[in-house]
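Chain naming follows the written order as A, B and C, and within any one chain the residues start at number 1.
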Amino acid sequence: MDNEQPDHDLTADVVRALEAILLVAMEPVSSTLLAQLLEQSVATVETLCEKLAGAYEDAGHGFQLCKVAGGHRLQSHPDVAAYVERFILDGQHIRVSSAALETLAIIAYKQPMSRGQVAAIRGVDPDAVMRTLQARGYITEISRDDGPGQAVLFGTTPLFLERLGINSLQDLPPIADFVPDASVVEALELGLRVSTIESPTLSE
Amino acid sequence: MDNEQPDHDLTADVVRALEAILLVAMEPVSSTLLAQLLEQSVATVETLCEKLAGAYEDAGHGFQLCKVAGGHRLQSHPDVAAYVERFILDGQHIRVSSAALETLAIIAYKQPMSRGQVAAIRGVDPDAVMRTLQARGYITEISRDDGPGQAVLFGTTPLFLERLGINSLQDLPPIADFVPDASVVEALELGLRVSTIESPTLSE
Amino acid sequence: MGYEVTTPVFAGPFELLLHLMLSDELDIHEVSLSRIIEAYLAEVQKMESLDLDVATEFLLIAATLIELKTRRLLPSRDDTDIDEEFALWEERDLLLARLLDCKTFKDVAGVMGTLIERADLSFPRMAGPEERFASLMPDLLEGVTPFRLQRAILKVTAPKQHITVDMMHVTPIRASVADALIELIEFLPTAGRISFSEISKGITERVEVIVRFLALLELFKQGRVELIQGDRFGDVGVLWTGGSDRSFDAILNIDDYEG
């Protein structure tokens, strides 16, 4: 039996759920939120996390469970950082996609925005793109919606401003008084009609 | 000793590095890339991943190591899905409609396929469905037909494999398994007889 | 998500027919084509908001069924046209093959649905490298200026209808000369002298270019444009000479061109 295995089967299930949540979490998860999700006391969660962290270390895993600002998170073990560095340098081949740029633009101009609100504007599910932007540190969870479902609301980070070379969001070029919009310009360039012609079903 | 612990210390280090890389990866990592990073043969990496996956399962962790879309990835264990879903809230998977599934099935087995070829099998214009599938990233334009009109040909993407939780298209059951059985063929055949002469028992 | 296409209960005519025929299979020797046709037409009638293209597909199948039915009712005659007979057999075989295809992929879709359901119970690790590796990460935003960001949001938030109207004619590839005519009559009178390459600029579907060219020829025939070609294989210049007459009554009988 693994030495990470806790005493009771009940606890075992809680630990499994804890591990699963920490694995999928994009940001550190607070003990309070974990306690709520696992239906345990905050103290129990703290103890479980400590035990689990010790068990990971003892078993010699390549990851560790750490307590950082804001809560608990899984991270790669410093001992094998050299490999992780190699992976990042070798394995990633990333250029900003237009999907990412559009999603970032929407969030930058209209924050705070939920995933659903971004989806409504872009017309496609922005999930994967938003995870990438979040992982890169350009956007972050800033609050939760009051409404039902309590959707996570996203906004841009100081890193985003830094990379864009601006001091604040006020420095973004304004969009409200910008006329004509992109599609009109495009249509004009095409030299084709701009307005919607009610085309009757002549061809049917 | 943890049963995830491999035989030699050298291997132990490789496994730790493997775990660390998988933890920071944002998409499935191929055996080839892992082999390169870990300076091991592809075969060794495959074996290590299999062993590690087995060890995670035996130890009853809340996460698992899976082979998906041509690579290896860490994911939460299905057993504790209920907890993870509670945590993810708005990251829920989007349902795939049955019309979308049937279109996906056709493209998956017969790719590359043009819109027209899909329409011929479905009996309806698949345009809207295919646009949705494309926007979701399950299918993509992979080439153009040589024939007149140069129809765009579509195929499935790695994201499609990820959504199905399979490693490659070979993991889909062979199409022969789905050929309707004799009774179905007979029922359809009888229903569509051209004349009653051949089967006098038909009640009209 | 709101953008999921809502489909009728039966996504296509084969699916509907398949359902009716196989639910009738209690005793396959009792399969009644009359009942199937009745039920089929009843279903089609229920589909109130069916668009014309879809309705056509359903009705085509209905026509085949009725033809089969008619053939059965007619007494076998010696003077039956052998070609007609063959054509009907062929049509029937085609229908049968399509029904079998439909059944096959419906079953495949079922299995894929199960796979997805199972896969959905797991969520991947997506957090990415920790911040201590941040300096190694290639900067996604390299070369991205605030201006590019502005253009990106203007592009996604722009009202879509202007462009989509054009795109609808592009895919599915069904272009009509009539539509192209309307377009040209709307825009040429104020365009001054313009070249054909300007008119078809940005159009990627060959058939779209062709219908515009045919529309121009039609206007030329009607004496409403002047076409000037400087040299062989050179670009064609277009000049509107039709005054303010923007009627397009002469275009009703112009064919569609399927790509």
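Brief remarks on what is shown
What we mean here is this: a residue touches a chain if its C-beta (ideal position, glycine included) is under 8 Å from a C-beta of that chain, and two chains touch if they have at least 3 such contacts.
Treat the numbers as computed from the prediction; the structure is a model and nothing was measured.
Shared contact partners of chain B and chain C, listed by label: A. With every chain reduced to the mean of its CA atoms, the largest distance from chain B is reached by C. Taking the mean of each chain's C-alpha atoms, the chain closest to the overall C-alpha centroid is B. For this pair, chain B with chain C, the centres built from the Cα atoms lie 27 Å apart. For the pair chain A and chain C, the distance between mean C-alpha positions equals 37 Å. Averaging C-alpha coordinates per chain places the centre of chain A 24 Å away from that of chain B.
Looking at chain C, residues 1, 3, 123-130, 133 sit in touch with two or more other chains. Each of residues 20, 23-25, 74-76, 81, 84, 88, 123-125, 131-132, 135 in chain A touches at least two other chains. Every residue of chain A that touches chain B in the complex is listed here, in rising order: 2-5, 12-13, 15-21, 23-25, 29, 33, 37-38, 58-63, 74-77, 79-81, 83-84, 86-88, 90-91, 114-116, 123-125, 127-128, 131-132, 135, 149-152. Listed in rising order, the residues of chain C touching chain B in the complex are 1, 3-5, 7, 11-15, 18, 21-22, 24-25, 28-34, 36, 53-54, 57, 61, 68, 71-73, 76, 85, 88-89, 92, 95-96, 98-113, 115-116, 118-130, 133, 171-173, 206-207, 259.
Here chain B touches chain C in the complex through residues 22-26, 63-64, 66, 73-78, 81, 84, 88, 91, 93-102, 104-106, 108-109, 115-116, 120-125, 127-129, 132, 135, 149-151, 162-166, 172-173, 175, 178-180, 183-197, 199, 201-204, going by the rule given at the top. The part of chain C that touches chain A in the complex is made up of residues 1-3, 52, 123-134, 136-142, 144-163, 165-166, 176, 178-179, 182-183, 186-187, 191, 194, 198-199, 201-202, 251-252, 256.
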